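Below you'll find the structures, each written out as structure tokens.
Look at the two complexes coming up: chain A is in both, with chain B in one and chain C in the other.
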Partner chain A sequence: MRSDTASGMQPAAPLWLRGLAWGGLLFLHFPLVVVCLYAFNTEASAFSFPLQGFTLHWFEAALAREDVLQAIWLSLKVASGATLLALLLGGLAAAALYRRNFLGRDAITVMLSLPIALPGIVTGIALLSTFKLAEVDPNFWTILIGHATFCMVVVYNNVIARFRRMPYSLVEASMDLGADSLQTFRHVVLPQIATALLAGGVLAFALSFDEIIVTTFTAGHEKTLPIWLLNQLGRPRDVPITNVVAMLVMLLTMGPILLAWKLTQGTEAVAGSGK
Partner chain B sequence: MASASLTLTPPTHLARWRVQLSTLLYRRSTLTLFLLLAPPLLWFGVIYLGSLLALLAQAFYTFDDFTMAVSPELTLDNFRAIADPSNPLFGANIDIVLRTLGMASAVTLASALLAFPIAYYMARYVHGRWKGVWYIAVMLPMWASYIVKAYSWTVILAKGGIVYWLIGALGLNGVLEAILALPVIGGSSLSTSNLGRFLVFTYIWLPFMILPTQAALERVPPSLLQASSDLGATPAQTFRTVLLPLAFPGVVAGSIFTFSLTLGDYIIPTLVGPSGYFIGNMVYTMQGSIGNIPMAAAFTVVPIVIITVYLALAKRLGAFDAL
Partner chain C sequence: MTLAVEFSQISRHYDAVRAVDNVSLAIADGEFFSMLGPSGSGKTTCLRLIAGFEQPSAGSLRIHGQEAAGVPPYLRDVNTVFQDYALFPHMSVLDNVAYGLMVKGVAKSTRLARAEQMLAMVKLADYGMRKPAALSGGQRQRVALARALINQPRVLLLDEPLGALDLKLREAMQSELKALQKQLGITFIYVTHDQGEALSMSDRVAVFNKGRIEQVDSPQQLYTQPRTAFVADFVGGANVLPAALAETLTGRAQACAIRPEQIYFLSEHGAGLQLPGQVLDIQYHGAVSRFEVEVAGGQRLAVAVPNGQTLAQYRPEPGSAVRLAWAPEAMVWLSEQG
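For the complex of A and B:
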């Protein structure tokens, strides 16, 4: 962090810079505000501005829709399953890779970054063509497999950053004092990495809940919430329902992100940097 | 070291077994490594890498245009359709690649220009609690649902929507028409123009540029900037010769995201902008309605190659140290 003397001497930002920065921030938040505004709009099938009037009616209508509830339920199931798998596999990978150097370690590290580095279409079509070869029809499990793969990378990145800052002497001391591996893990290692695991898990959950590109390949006829929304865009008569669900989805993904940020605050691992 | 653990544990059968296992795992750290690594490696090796390799293999398979069937006879035809100018499909296919590349480059450039002042302000002029507030303020839009943000833009750009209303209220209808009449960026309306698509892409990936740039700027010691001005440099000189070179790896790091994410996207091109495929749309259509997996597979090689080249360049420019 910057020293206080430097900040004390700092002149105020020039007006144009302040304008550009605040303008940029406004630009980033404007569409989010629009989504919230339109959710309360009375107009039934267009996007005319200024808005027509205020109503809460569409919330009631949206929550009575079977397809909306099913999409939410499917997305929650997929995100929970993918997060659990990702925590297990990503945590194991981080524990294995943070300290030891061995032949092939770099290759494994590169491989673990591939699902994030390569575009989603590559992951999506690769998985889909394999499912086709194996004659598996796309279903809940194929969605889960796709999501767990990239969620694992998020957990891995978060946890390995924490592991690298944990002195290994803690583990040695614990073993010297007579604890076995399990006890050492439970009482020494786990408390150290717990918040990193939790933050990674929360990010993984949010990522899965919002994922659409890989999912369009692996979902078949199943509709996760983002896919439901994408389909809705071709249905002008359903606009009010779409508006309401869009706002709810947005708010639902924001909560976990704030939580992950709180959990990693003051550590070097930056929540969200590994999306 | 490990023998110490024997004395403290009561000698029940289960406990002795646990201690022995524990000792074994501690002494044979390679065994531990193997046990830890096996599940994630199996998952990744078999499911992910296996799928990728199988896909690449299928790029060499033959697709029969008449029977719409795929047969495992090896051919280079799919790659010729993308890379051989004498192939009848080459023209249409290279258009798709260039269209996608052009958009990815334009979006990256615009993001870098828009992000820099925001990142610079955050790194140099925001302190204490406000730093966290700004950080969150950039991160929240980044993580707010992708499809919702894309949807919001279709609402904003729609005819009769906010942008058209604003332009009308400001009396700028003529200006908008003039811009939309321009070749390449124009179109019949904002939501069917390349300009609109460019705007949406830039919006969606902008935070991915801001955060690495800000992190790189944050690492530039203020004393260097003070030294530069003490030695007589003007602010512009300090910016060009001290700050920019030190922050550039961060910008390149951000550009990996904006470039790669635009290159692989195919949802936004279907929602906003003129007709004409992006690489992603081509892959999706080829595997979906046509069932030509070999051609889809060959097309996925294009972004893989482009991104590999881009990552190699970024590595040279020091982007990986800035991540």
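For the complex of A and C:
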């Protein structure tokens, strides 16, 4: 609210700057619009402009395709599972590390961040050789664990930042007033870190849902949605179906992101105004 | 006399640092007891030991006769007012105050009614629906007090609760706290680095220095009869004469303390204890002026002279040579152990 009124007071940006800003936005989003438009195009084989005609046929065709539904379902399962695991492990790691100072603490922090800092191809190869060593065949669980390694970092980073801003005396006050550890967690700690968990969780979900490089190494014969889409590139006849799937995925992921944005709105201001 | 809290040879070490070093202490039930000392002297650590946030490295701590080692904070019949108040920012003021009853499983209507009563007691009856962020510092301090008292603890711990308030508010809160303690009849253990605060409120004061207790006494005893050089200086702002200087004056080779207001300037030679010196500096403090005087051996003494007296008093200029005098009874002999 405050920033709205503040920006309203400022003089308008020069025309060329506004043009550049809108141009940048257009450049970023034009391909998305094209994908959406072609999802309704009557012509099957190639991208041609103007559109030949309007049809919903491809939606019908896509939803009838068993492999499409399976890929979407697998990706949803993997992303949900990896997010849950990341919330649990990332949250616990943050809780364990934020107040302690011991030899090797920084090393652990670096190790936690490595899966996302390293190129995905390195993480992928490392995971594959580890699974081979353990004589585990790539399956649903290997994809999930692979994704959890880098999802955990984003949750950890979000939550530890929040923990650092939370005075530890809140925990002590709760215990002092008669709350045991579980009650303190439920009534004091969780409300303080809830929005950080949510933000980290949404980010983790989004990362997992479109991950392709690490997945290539850990998926075996399973096909997550990004891998299915990649394979589609070799099949020009299926282009309209690919467009439909891409559009559906876009709509599907927009929901949680908007929700998270709405839920975390305002909380920063409340948390900050206490200080 | 029942004891609220009893320290027997308690130590608390962090690696090589002795935050609390072999402290023994007995605090009576219903007492307003202060722990006074500079920062890092171990007073807050002692408070946290009683609350249960810290565990002693050695020694035994009893609360109402029960051994407290290993008992978690939530099972102790003591509550704390924190220095930063530690109000839960996501809860309303009323829910903050009711928290202690909520975690005990007291029904919602009962606990909110009790919380309303507590808020009325600290004169914040109409503030229950606000968030802590919407209160002033003094109001937050009262909420913290109401929240800590709702469980009806037998011991209330206060960790420099007035430190963040301005002088006027601090003085008002001092008398309110003292009145509240009398009304409730429970033990208050009050940590502060402000000697005026400790002296004005407490039944007894323990003076902490470097993790040890220098002296435990009533405010008047501490002020008039300090036992160590540290107490004489920290509590009374007294001059400490080293043993050698005391010996040349009196023949007794023992350090002693003399408060600045007990020293006066002699305009001419007279009888009694006298010491020549030179005025270095004069500081104006309103009710009194403080003269800093250098005497034999480079020793500096403070002399306090009341301002605005109707009887004209000899007031030397800076740089002038003076003679200091005091009554022999003004000298308080200090123990060797500092």
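The working rule: the second predicted complex is superposed on the first by the 251 of 275 C-alpha atoms of A that agree within 3 Å, B and C clash if a C-alpha of one lies under 4 Å from a C-alpha of the other, contacts with A are read in each partner's own complex, and residues count from 1 in each chain.
One rule holds for everything that comes next: a contact is a pair of C-beta atoms (placed from the backbone, for glycine too) under 8 Å apart; a residue touches a chain by one contact, two chains touch by 3 or more.
Because the structure is predicted, anything quoted here is derived from the model rather than measured.
Of the two partner chains placed around the shared chain by superposition, chain B is the only one that A:117 touches, whereas chain C remains out of contact.
When the two complexes are superposed, the chain touching more residues of chain A, out of chain B and chain C, is B. Using the contact criterion defined above for the overlaid structures, shared-chain residue A:179 touches chain B and also reaches chain C. Shared-chain residue A:64: touches no atom of chain B or chain C. In the overlay built on the shared chain, the residue A:187 is in contact with chain C alone; chain B does not reach it.
Residue contacts after overlaying the shared chain place A:56 against neither chain B nor chain C. In the superposed model, A:108 lies in contact with chain B only, and not with chain C. With both structures placed on the common chain, the touch criterion links A:169 to chain C but leaves chain B unconnected. Overlaid on A, the two complexes show chain B and chain C touching the same residues of chain A, namely 172, 175-180, 270-271, 273. Interface residues of chain A, counted against chain B in their complex, comprise 2-3, 6-7, 10, 12-13, 17-18, 20-21, 24-25, 27-32, 34-35, 38, 46-50, 88-90, 92-93, 95-97, 100, 102, 108, 111-112, 114-115, 117-123, 125-130, 132-133, 145, 148-149, 152, 156, 172, 175-182, 206, 210, 212-213, 216-217, 226, 229-230, 233, 242, 246-247, 249-250, 253-254, 257-258, 261, 265, 270-273, 275. Taken together, the chain A residues at the contact with chain C in this complex read 167, 169-170, 172-180, 183, 187-188, 191-192, 270-271, 273-274. Contact residues of chain C toward chain A in the complex are 51-53, 72-74, 78-80, 82-84, 86-90, 99-100, 102-104, 131-133, 147-148, 151. For chain B in complex with chain A, the residues that touch the partner chain are 1-2, 4-5, 7-9, 18-19, 21-22, 25-26, 29, 33, 36-37, 39-41, 43-44, 47-52, 54-55, 58, 114-115, 117-118, 120-122, 124-125, 127, 132, 134-149, 151-156, 158, 160-162, 164-165, 203, 206-208, 210-212, 215, 222-223, 256, 260-261, 263-267, 271, 279-280, 283-284, 287, 293, 296-297, 300, 303-304, 307, 311, 323.
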